[in-house]
Amino acid sequence: MQEIVITGFGGQGIVLTGRIVAKAAALGDRKQSTLVQSYGPEARGGACSAQVIISDKAIHYPYITTPDILVCMSQGAYDKFYPTLRETGTLIIDHDLVKPKKLKGHEVLSIPATRIAGELGKKMIANIIMIGFITSITGAISLKASIGTVKSSVPKGTEELNISAFNKGYEYGLALLKGRKKKASGYREAGT
Amino acid sequence: MKNSSLSNKHPLDELIRTDRIPHIWCPGCGVGTVFSSFLIALRESGIDLKNTVVVSGIGCSGRAAGYVKLDSFHTTHGRAIPFATGIKLANPDLNVIVFSGDGDLFAIGGNHFIHAARRNVDLTVICVNNFTYGMTGGQAAATTPSMAKTTTTPKGNSESPFNLPHLAYASGATYVARWTMLHARDLTEAIKEAILKRGFSFIEALAPCPTGYGRRNKEQPLQTLKIYQEKAIIKNGANPAEADIDFNKGIILGKFIDIKKPTWLDTYNSIYRPQDNSDIIDAA
Amino acid sequence: MRLWRVPFDTNEIEVSKGIIHIIEDRCKGCGFCIEFCPREVLEFSDNFNIKGYYPPKVVKPDACVNCHYCEIICPEFAIYSIEDINHAVNSKNQKQDIN
Amino acid sequence: MSKNVNTGEYFITGDVACAEGALAAGCGFFGGYPITPATEVAEHIAARLPDLGGVYIQLEDEIAAIASVLGASWAGVKSMTATSGPGFSLMMENIGLGICTETPCVIVNIQRAGPSTGLPTLGAQGDMMQARWGSHGHYEIIALSPSSPQEIFYQTIEAFNLSEKYRLPVLIMSDEAIGHISERVIIPKARDIKLISRIKPKGKKNYFKPYQPEGHLGIPPMADIGEGYNLHITGLTHDHKGYPDMTPEGQEEMVNRLIKKIKDNRDDIIRTEDYRMDDAEIVIVSYGVSARSSLAAVDIARAQGIKAGLFRLITVWPFSELRIKELAKKIRGFVTVELNLGQIHLEVERAAGGNAPAFLVGHHGGTVISPETIVEALKNNF
Amino acid sequence: MSKNVNTGEYFITGDVACAEGALAAGCGFFGGYPITPATEVAEHIAARLPDLGGVYIQLEDEIAAIASVLGASWAGVKSMTATSGPGFSLMMENIGLGICTETPCVIVNIQRAGPSTGLPTLGAQGDMMQARWGSHGHYEIIALSPSSPQEIFYQTIEAFNLSEKYRLPVLIMSDEAIGHISERVIIPKARDIKLISRIKPKGKKNYFKPYQPEGHLGIPPMADIGEGYNLHITGLTHDHKGYPDMTPEGQEEMVNRLIKKIKDNRDDIIRTEDYRMDDAEIVIVSYGVSARSSLAAVDIARAQGIKAGLFRLITVWPFSELRIKELAKKIRGFVTVELNLGQIHLEVERAAGGNAPAFLVGHHGGTVISPETIVEALKNNF
Amino acid sequence: MKNSSLSNKHPLDELIRTDRIPHIWCPGCGVGTVFSSFLIALRESGIDLKNTVVVSGIGCSGRAAGYVKLDSFHTTHGRAIPFATGIKLANPDLNVIVFSGDGDLFAIGGNHFIHAARRNVDLTVICVNNFTYGMTGGQAAATTPSMAKTTTTPKGNSESPFNLPHLAYASGATYVARWTMLHARDLTEAIKEAILKRGFSFIEALAPCPTGYGRRNKEQPLQTLKIYQEKAIIKNGANPAEADIDFNKGIILGKFIDIKKPTWLDTYNSIYRPQDNSDIIDAA
Amino acid sequence: MRLWRVPFDTNEIEVSKGIIHIIEDRCKGCGFCIEFCPREVLEFSDNFNIKGYYPPKVVKPDACVNCHYCEIICPEFAIYSIEDINHAVNSKNQKQDIN
Amino acid sequence: MQEIVITGFGGQGIVLTGRIVAKAAALGDRKQSTLVQSYGPEARGGACSAQVIISDKAIHYPYITTPDILVCMSQGAYDKFYPTLRETGTLIIDHDLVKPKKLKGHEVLSIPATRIAGELGKKMIANIIMIGFITSITGAISLKASIGTVKSSVPKGTEELNISAFNKGYEYGLALLKGRKKKASGYREAGT
């Protein structure tokens, strides 16, 4: 079972991100999954989060108190949710929007998703980049399921743009993983 | 830079619950502007603010009651007017102002509106008409233009909207005006007049709801304001029956009705306790 | 962003001079004040505020005629003008200013 | 003020006695909408109130009526409305607003037989559970049930007192039979009527929190409109300041307070009456017009050697749970008598907790249960 | 017709699944009014229904919405509306009309936290007793409570079936959590969905009595408008002809029929689910989203050696009284888990009748009760 | 006596539930006459009566549904119009007629009226305006003339009544007429026209309520009819805004509005299923 | 009882002759038919019906012009006229009848 | 305890009759009394009845199934209510409006109240005449209480007319009683 919390502010497509991840797991990877979302006290804007659980067994209680994976796309969200992340959990952030503070030993996996999106000419697409990144970094959902779900979830005519955004995120993740492996092995080498 | 400065205190702060700011209204939402005009009008009217109460229903516009630093009530959906009527009749010394949305006042609350107007209860009713139910995410309202897209009319609204000033007039309102939030000065003046008016007065304030309405109808807030600017036709005294809102041909704005009539309480007092109240009746 | 430029409030200008005050962290960046200032006094600032919005900044301080329009139209109580008592101008000066 | 109190002896209906009780309690605002069999309450008030400086207004519907009553209450005036089933149903949403905003007022329901339009001119007690649960969400309520015109007079005063003391809409759940029966009603002198008014805040106006509980009852003092407190009052979940607090914690704090103020003060709120209960082995639980029949039945039963007693609920909600629990341990059984098919009976059964059997003498409505029917049931079940 | 049924696999919210269920059931009329968190039901229907030949209309308020639904049903079309607490309160009077006139239709309540405006975006199960008792007069109702989007899909179909079969408004008492959670939903083939429609009258049109019970269920066949029966339908107490019968006898006959058709057919109406109940000593009674937490709690408790089981109410009303009575005799106790401060719990306690203790794990609303909280309660009470 | 005879069967009997006669209406009550005009109009209109349904709310007038031998519904107070709307939209082949009282349609039901008019739902609404709540014994209504005595206004009504045609017009009704029950022929004609009209049509029929209203205002039914006769000013096409009822100066009667507009269903169909319904739209 | 006598329906008279039928026991004695018959055909009867009301009786049978007004205005479905096919009259005859 | 049912049709002032009797007992004679009224199924017109109980003790159940005294002012009311009259009960009727049928041995005490009222020029006053008759015939309420209550219950300015009507009824009753006594003694004489 994997418990993923994706957070940010209204308008960043946080819920859609969660929906694609959860849907990819359910319909693509044929696992069980649930998505619940929550908004802050305000009607719109403000903090916003999506909680996704992916599991091989039926999920009864769909709420997450201590996520395995926390994705933060805003500082406010980071400040609010970081304390809930498990000790063994994975922290993913948008590099330019979040400055991690008070880290309790988690490695910070960051991607400048919003910046890349800006470069692609569409700020709104940062969340798709993030999905790509999550896919490669966490392996919570398969590449096939993820990319297929992105394709079927975006407006007609924008598939190409979105897939290329997805790929950017995915590859950024792969590269990071490689680097991390190297680094990790490097450390090990040094250690031995 | 002597001609500008950063600041912490706004001249309207004394009228605002600053501990609740920022308010919930979206960037580009017109409710805040109408609210600001309202506060200025309140201040300029010179009425006794301690004896002034603001009543709202439910909706984004209805949140206004939560931000004004006066006695203020956020009631149930559609019921601001009868709630306000109870206040006014129980204590006639109070200035009672209803500030709410088009859905609240004219969908679920339509009956209370026409009856309060008929009775000429001495209330000021300010309606933020953003052509939709903003709070619930942008469904069609009784004010939504024909063919406009909303979450419940994905291919376009098949209904026609009310002409609110006409409805107000037909119901008996003694003061009726319409402005857009862009016409902030006229709006402020109108609200001031309405507040000082003895009798049921009604102001329709057009305002953008970019989140609920604009987004689906491909209107950025500034574009909406541009339409307000370009299509505005100011016609004070226009026949309310002809004061349609037509985003292509023109939006008729102005003060349409301003007549004298004894209020509900004036008449009640004159019939039911003529001795006690001769002065009040004179004032009508 | 700028869509048009017909000074919306021209006929209402008070003939005086204003100092603009901006409460930056209240601003939600709607641009109403910038767009509809009859004197093009304001522009978007380059830095975002704590909420992530770009508030206005004063770019033509001397042009401000203290008409308060930005103050009324601002939905956030984030901007206002105060008469600059040291710089009273009469309508003639004013007109020249504009041209 | 003493003009309010029509001191003297009258032969009047329950509806009129209710209206006189309201006036004696200092009611200054009535928001009405006609409906059989409650209309006469409004009509009597409409004639009397203007002379007393108050206002009667007939609204466009019952929703407007209750909304206006809530508004008037905040304007500092004791307020009420009266209706029957269909109107009561329409008021439900705004009764919830009254509960949530802690607004004192009185709502009279002269019950007729339902469901729906039913039998407009004939009585029943079919809205008793609706009184408890008719608005959405979880809350507590106070409901009284008078058994005579004299009693509805006093209970209306009592309802105003309770509503002012505990800050909530208080219900008078009467019925057509009591509303329309005429009997002698004695209206005492004004000085013999004890009135309670909302507690007013003290201290600095700027720091006033309209929902900060105070005193041993835990009720927040109430500022009226125009007193300079800059109140903000909302039906949203709110904190002590009255500001929206959209969190589960805020919800818990608020709802707890609304419930505790009633639950913790049950002893002060609940009024009941025992009739031949001392050695009763079979206890009839009843209220309103049914309690009259029950009382007659007790006498008949006793005459036949059946040790019956009547436990009469004057306050129906909150329910006298503890008393029933106690009784259950020592008696042979309960019989609930009511003009419905078992509403308060469910509570009796629950509270009896299996320690004593509980039977129902119910009826569909449109008439009054006769003492003979009750005695019959006593015999059949015990 | 098969266009109605969106056969396939989806990842959708409970609200959308509810809408799809309605369409699959053949719903042809939706009278709506937006309210969080039920709006999406209307929005989805608004987009889909016109293509299927049906009509979505948004009315001016919830009262009009339910009234239009009743009218549409008599025009021969399966009809529904969806709302939340405040709107549900407003519908109460006309739900009574639906009960009294025996009008099939479905009313969905996606519950949010109350009382009053409360927490519009956060869930609760605070309207459960209102569902049972919210309209004036005495009546019976059917209410279902789904625990997942997949289940709300099926229950919406079931609700239409029950409403057509038993001729009354059937309630789906869901909650924000289920309305807004997204999960996999499988929509079967049209031919695998069993639909029930009102029984049509046979025999001479002139002598048709619209309220003459027929068949083993005792339900009168229903003629639609325009079929030549010259129906007269009224919310007044009426006889088999549908004519007003303003007597206690008429009242008894009618109300009895309305109640018996539900009570006598409980076995057919009530659906429940047992989870690890075989050897359960402690029985959790729950429904809706709370039943999900309860199910998780049962597993945790079992893992800790506590013999817990879940008795899940799918049909909440009529209440599974007999089953609880039975269970009470052989188990150690009940724990009712619900997002209110004890509503269905009252029924559990009553039905347990003192044979087994009944505890409550309740909550004020605005969140979901966690499995841990429930396990804790199991440990503390047993 | 060959020119008169006793009889058992009235020509309208085929349209009446004779097993429910006598009806509850008091001697001298005008509801029965309006009802009779309505039945004649129904018969003369030539519409398919099998596909015709009558919907009433609650009140004396609302009892009409119980006497007409067609599919007929006696609903809840104020809700006849939304109930009828559901019927009409669910089965557009039906002719749907609302017959109810002024209190039912314009006090508690006012909102439904203005919204149905705005939407132009194809309904015919017949309102028996007897200036009071007859059924509950004669309280003030939203139509009660100023100063009239009622059980709730013992010294006179302090409120002003609605001008119903004006309200209907301002709300969007496509057919609006007012007659008294004395003008039974015009009334019958108007009802017939309204039934045949495609769109929201409204007829106000003035009628005496001797028991609830006349008694307290010292008017015998025949006196009321005399006032109807003497004060009637027939002004077809009059501006509804000026069509006041003034028992001293004059009661303006006539057909005020008769315009063409697509109905709710016409527009809905044209937007949401244009393929299926081209013929229906033409007919509008 | 009779309050005034302006034939209310004069301009609507059909030029034919009617036979009036009265369902006496339905009548509630309101007098509408009597009062507003344009030809004064009717009067109150002297005997009350089973409900205790005095129904109309035909006093000038030949004057009836079959205008049906009594039929429409009767709130009780208690009176109606049927054309007397044996006594067709033209408008001239009719006028003479009246005078 | 005396159970009195007064019946007729709407518009005859039946309920006022009941009210005056009950009020006279309660406020004049200082007994306990209750009044309940009922209308037929129709909104108005139709059958109508008033039930009055007069007692020295508290009255709990105020409804009457078998009256001691039945007053009928219409045939319909007689037909409906006569069967409920106790064997030992008193039957009072308006002479012109009711033709007693199927009598079970009750003596018929009749007064042409409506005719007398017509003679007094006000048909509406028949019920006051009936009150006078009831007062003298039944003794259920004292003359003083009855006359006082009539006076205080009728519109200002009509007291005199009403009192004279009352007296007509009262005296008619006295005369009848006298006649009855005579008759009764006559019979006895004959019998012995």
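What to note about this one:
For clarity, chains are labelled A, B, C, D, E, F, G and H in written order, and residue numbers in each chain start from 1.
Keep this in mind: contacts are C-beta pairs under 8 Å (C-beta built on N, C-alpha and C of every residue); 3 or more make two chains touch, one makes a residue touch a chain.
Everything quoted here is computed from the prediction, not taken from an experiment.
Looking at chain B and chain G, the chains in contact with each of them are F. Relative to chain B, the chain whose mean Cα position lies farthest away is H.
We define each chain's centre as the mean of its Cα atoms; on that basis chain A and chain B are separated by 44 Å. Rounded to whole angstrom units, the spacing between the C-alpha centres of chain B and chain H is 63. Work out the mean CA point of chain B and of chain D, and you get 38 Å between them. Annotation: 82 Å between the Cα-based centres of chain C and chain G.
Looking at chain C, one finds that none of its residues touch two or more other chains.
Those residues of chain F in touch with two or more other chains are numbered 26-27, 74, 76, 107-108, 110-111, 115, 135, 142, 264, 268, 272.
Counting only residues that touch two or more partner chains, chain A has none. Those residues of chain E that touch chain A in the shared complex are 9-11, 121, 177, 180-184, 292-293, 295-296, 299, 368, 370-371. Those residues of chain E whose C-beta lies close enough to touch chain B in the complex are 32-36, 39, 42-43, 46-47, 56, 58, 60-62, 86, 116-117.
Those residues of chain F that touch chain D in the complex are listed here as 58, 74, 76-78, 107-108, 110, 133, 135-137, 139-140, 142, 151-154.
On the chain E side of its complex with chain F, the touching residues are 28-29, 31, 50-51, 53, 55, 57, 59-61, 63-65, 67-77, 79, 93-94, 97, 225-226, 228-236, 243-244.
Interface residues of chain G, counted against chain F in their complex, comprise 1, 3-4, 6, 8-9, 12, 17-24, 26, 28-32, 35-36, 51, 53, 57-58, 61-62, 64, 69, 71-78, 80, 84.
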